[in-house]
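For reference, the structures are reproduced in the following blocks.
First subunit A sits with subunit B, and in the next complex the same chain sits with subunit C.
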Partner chain A sequence: MIARLLIRPAFAWLRQPGLHAAVPILILLAIGFIGPLVLVAIFSFMPPRSFTLDGAPTIENYQTVVEQSFYLSLLRSFAFAAGTVVVLALVCYPVALGLAKLFGRYAGLLTLILVLPLFVSENVRLFGWVLFLLKGGGVLAGAAKAVFGLELADMLYSNTATLMGLCYVYLPFMLFPMVLGLSMVQRDVVEAASDLGASRWQIMREIELPLAMPGLVIGGLLTFVLSLGALTESKVLGGSKVIMIAADIESAFTFGQNWPLGSALSMLLLVLAGGLVLLVLRKLDLDAILKRR
Partner chain B sequence: MRWNLSRRQFMRMTGAAAGGLAAGSLLPRGARAAREKELNIFCWEGYNSDAVLDPFRKEFDANVKAETQTSDPEAVNRVRAGESKVFDLINLNNPWARKVLWPEKLIKELDRGRFEPYFSKMMPSFKPPYRWAMSDDGQSLLGMCQRFGPFSFVVNTDKISRELAEDQGFDLFNDDKHAGKYGILTFDDWNVYHMCIGAGVHPFRAHTEEEIQAFEKVARKWVKNAKLLGGDPVQMNLALINGEIDFYCTGGTYTASPARFDGKTNIRGITPKRGPMDGKGGIVWIEVTSVINNPDGSPLAYDFLEYVQRPDVAKVVAFAEGTYNPVAQMGNADVQAKFSKEELDAIQWDSLEWELERSYEYDINPDYPRMIEILNAAKRER
Partner chain C sequence: MGGGCREPAVRVGCDGASGGELVMVVVAKPLTRRLIIAWTACVVAFLYIPIVCVFLVSFHKARYFSFPFSDFTLDWYGKAFSSLQTQELMLVSLKVAGVVTAISVVLALFGALAFARFNWRGRKLFQRLLLLPIFFPQAVLGLALLIWLTFLGVLPSWQSAVFAHLVWIAPIVTLVVSIQVYGYDAAQEEAAFDLGATRLQVLREVTLPALAPGLVSGALFAFLLSWGNFPLSFFTTGADSTVPEWLYTRMVAGYTPLVPTMGALIVIGATIMLVLGYALIVLRRRRANSHG
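Moving on to the complex of A and B:
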């Protein structure tokens, strides 16, 4: 009896009806989400170029990752992801402020216009940009020549074009969390600050930004992680001027036919991105910020 | 009708249904219906087109699924890794059936009496026994042929004349004066072969250390000097048409034909006049479609192989969506008559024979794993 009493608190959670109800979804997640990741993790320790999981485990793939120049793709992917976050933060902030506070009934219409492109495949949208920016017969260059007689410089196949593509594709992922964040800033607080003599700059820095921080952080993280794994923008708009880490992973799984190497690169990206997200979330305690409201 | 179940009854019924479904999927294969009415095809794009598959589905009352692949080695490795249990037919370029799939028992042989007569009706170079459709010992028929095409590089003839391109061959890419004027279509395996030719090295033989170094030098130079790298032939053709680039490699009839069919006949696949492969400088691929050694294979696989040999279907396969290619069945006058003048022009019928004479038949590169690593490093360190 005493033993039962002692054990009970430790395993009490096992008897929770909530857990029992969640069992089906837990099984589904284990098979459909955790399972593949575990498989990738195991594959990363298989001998190079093997296609089964029965080889003798080795760390050779991780050695290859360190010895070869994969750090270049990793650094570039991080740089592009960081660049995208910075550009989008600057571009989205005024728009988000407008959507949350100023545009009134037009906000819905504007939101719809911003969301609509998401229904079209990313590849198609990027290819649209290619048609727009191509020299010669491209929409922009063709129009500039026909209307103003101007010869435009090359705009495609550069790092700027890649960054533009990333910003274009991931804009909604930054904008909408930001709108949510900014709508948590109550007008009374801003007015109170203003009445007490705060300048517009002080209001933004000391009232709006701290209160909207959860939205900003979530938007930033979403954008960062998504652009870290992006590869189409660099291929279609950037002409592969730089090779992103996702392109290296794709190449290892396809033309390279080295699944273990691809798995090792995937694990590395997963650990780095996951680690970074956890770090940021820990520094900026979202719960605490949200409760502050 | 009204449902009048208690929550308990509902849960019991749902549980029984779910249990039944789960048990059904656990039954051994033999206990399920045989796969007489379904067919799974693993192919290069074209055979997956509804224009090809729908009439077959209707005629054989079959459920046909086709998955497209984008690289021969990848497809072979997927079949090796266990997808031979999924697919019934595999459509690959010429060396794989004979040199890899058959020795590894991943495909089944075809009945020579039933299928060999079709080869007699193909273009003269496919006369039976056709080497790439046969096993090494010449005894077993391993697959059927249809699409093929010269595959080297593509130029805009307004910028680089056909004569100059054929004469210079892959040295066009070696020439510093063309830096920033060409693209590389990243079909990486083909890039490796073409860069070998650019280095004066036979791509389909074992290589010495010096040859690998020569390859690396060319790989780094071509990648560095390229204006753009991309995996989409449409992207390359658009860049060519709009003057972003003057030529691109890896390409041929397969990639140039959609632009040509669209009226841009200044876009042309080029076969070099000479090169390091027994004097030849271009490569030609020939597809071989084989029956996979699936333990629960569909009998429809054989019907499909015969179906695509019919003249009207062969024409549809040649001009299926995406890319347009010559087919071996054009040796039959009935098939050839189905092509319009524009269609023949799109697939460069005028120079096809000349190009085939100067092309080496695609094969396996024994140093591919090492060379692809070098090419990938060159791209990263560009």
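Moving on to the complex of A and C:
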């Protein structure tokens, strides 16, 4: 009797067409996303330098992270990610406002222009920055010397260059959710506020920002998480001076041949980033955001 | 402040006719607008500086780059197309992007129906799970997949790179298609069912044509993201190599003048795809408008 009570809802649940439609992609995510993550989680508790799961579980790898100051690169990555979000929020807001409200029929073409760099491999674009900023023969230094006779200081391989690279690569990830958010603000509401005597600043603070919040939050979150785990930017533009957490993870997995250490570092990054994502996503109504475009 | 005030000719009238703060808002607007336009131009310039640099350098004749230079040449493009190695690289990149596009569009079609069309218990959870791979550092995902593949005893090759790309790209395409699904009236399907159509017929005759624009933009996204992807390919292609991967290894060590040339070719490839895709979408929309 009890069994029947439990089984019938389970069958009903399994017969939902929505679930059937979700199955193919769920299988993909199970073997391509959840599987690898579970494996990494288990490996993080294996003895250092093991390549099998036979060893006795240990927290040695996490101790290594603290003792050998790996957490410093984690902190550095957090600082870079936070900096990227702040800079991009300020840079993108006016552009997003323009795309959502001002540019009208040019918005489509402009979106195309803004989106194109996203589809060019990020290392090609970062390489372009190297060519631009290179000391001596770079485009900027060369032009400054030829035109103004100026000798420019080396700008590559520094924290600033890395931050700029991060802002550069993740700009679209901030911009487009922001546009989505700002297009949720209806013109009538803004006009009503302005008719009632609100200043431009008040309109932004009291109306645009709160109504556009879901888009802003998604943009900020996406930018934060992606730049937290960024690898190429620091390698190409930061050189050997700027080590971010992803670089530590990579060298542990590859040159270091220490899967458990790499796994422990990944887990720290993933738990922090994933926790943040899930926390924020819980508050958002995805249906409303995607529907009201 | 009425909509008419946005037209320059009418604005003068508005300025004169209204009083107090309303005038302030109306007067401030053209300035704000100009500032926004100027700022947007700066952002576009910022986005294109490195791409322009890559193109510039790809025409440079000498082996080592130094700006400014005066000896332009197209030789490196000739070399890029005639070299067997670069042909192989482009072939691998195209192969990966093509297969990823085909598979992810099919997965995304059903995924988007589950995401936006059907109301089912578990949908909210599904939506969140689907977003996780997008909100995920790609380099870490690539490394986790490398460990996973090695652990399972799969030898990494371009096929495993297809798999890795799918984990990240299929959810994105699903979101793109979902936006189309949200705007789609499911009553059409029910009408077709009432008229005696089978499930397959409904899918082919009603659902697919209605979702076609979303599927086209989804396919475009899939192709372009896979074509330009570096972090996932880097860890999962094994002995095969895509163009972005080769560029990276050559940038770090063993620079050749083919690096900017191949970089420029990547940009050209992406531009062609994007323009073709955009033209296709615009044409479809025009045709739909002229019919309806």
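The working rule: the second predicted complex is superposed on the first by the 251 of 293 C-alpha atoms of A that agree within 3 Å, B and C clash if a C-alpha of one lies under 4 Å from a C-alpha of the other, contacts with A are read in each partner's own complex, and residues count from 1 in each chain.
Here, contacts are C-beta pairs under 8 Å (C-beta built on N, C-alpha and C of every residue); 3 or more make two chains touch, one makes a residue touch a chain.
Nothing here was measured: the structure is a model prediction, and the numbers come from that model.
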item: Touched partner set for A:Gly136, first subunit B, second subunit C, both or neither; value: both
item: Touched partner set for A:Tyr170, first subunit B, second subunit C, both or neither; value: neither
item: Which of subunit B and subunit C A:Gln16 touches, first, second, both or neither; value: second
item: Touching partner for A:Val236 - first (subunit B), second (subunit C), both, neither; value: both
item: Contacts of A:Gly262 with subunit B and subunit C, given as first, second, both or neither; value: second
item: First, second, both or neither for A:Phe80, with subunit B first and subunit C second; value: neither
item: Which superposed partner A:Phe45 touches (first subunit B, second subunit C, both, neither); value: neither
item: Residue contacts with subunit A in the superposition, subunit B compared against subunit C; value: C
item: Shared contact residues on subunit A - subunit B and subunit C; value: 127, 130-131, 134, 136-138, 235-236, 253
item: Subunit A to subunit B touching residues, read off their complex; value: 49, 51-52, 68-70, 72-73, 127, 130-131, 134-138, 154, 156-157, 235-236, 239-243, 248, 251, 253-258
item: Touching residues (chain side subunit C, partner subunit A) in the complex; value: 1, 20-22, 24-25, 28, 32-33, 35-37, 39-40, 43-44, 46-54, 56-57, 64-68, 106-108, 110-111, 113-123, 126-141, 143-148, 151, 163-164, 166-167, 170-171, 174-175, 178-179, 182-183, 224-225, 227-231, 243-244, 247-248, 251-252, 259-260, 263, 266-267, 270-271, 273-274, 278
item: Subunit C-touching residues of subunit A, taken from the complex the two chains share; value: 13, 16-19, 21-26, 28-29, 32-33, 35-37, 39-40, 43, 91-92, 94-95, 97-98, 102, 110, 112-132, 134, 136-139, 141-143, 146, 168, 171, 191, 194-195, 197, 199-200, 221-222, 225-226, 228-232, 235-236, 246, 249-250, 253, 259, 262-263, 266, 269-270, 273-274, 277-278, 281-282, 286-287, 290-291, 293
item: Subunit A-touching residues of subunit B, taken from the complex the two chains share; value: 70-71, 73-74, 77, 80-81, 183, 186-189, 227-232, 235, 238-239, 241-244, 369, 372-373, 376-377, 379-382
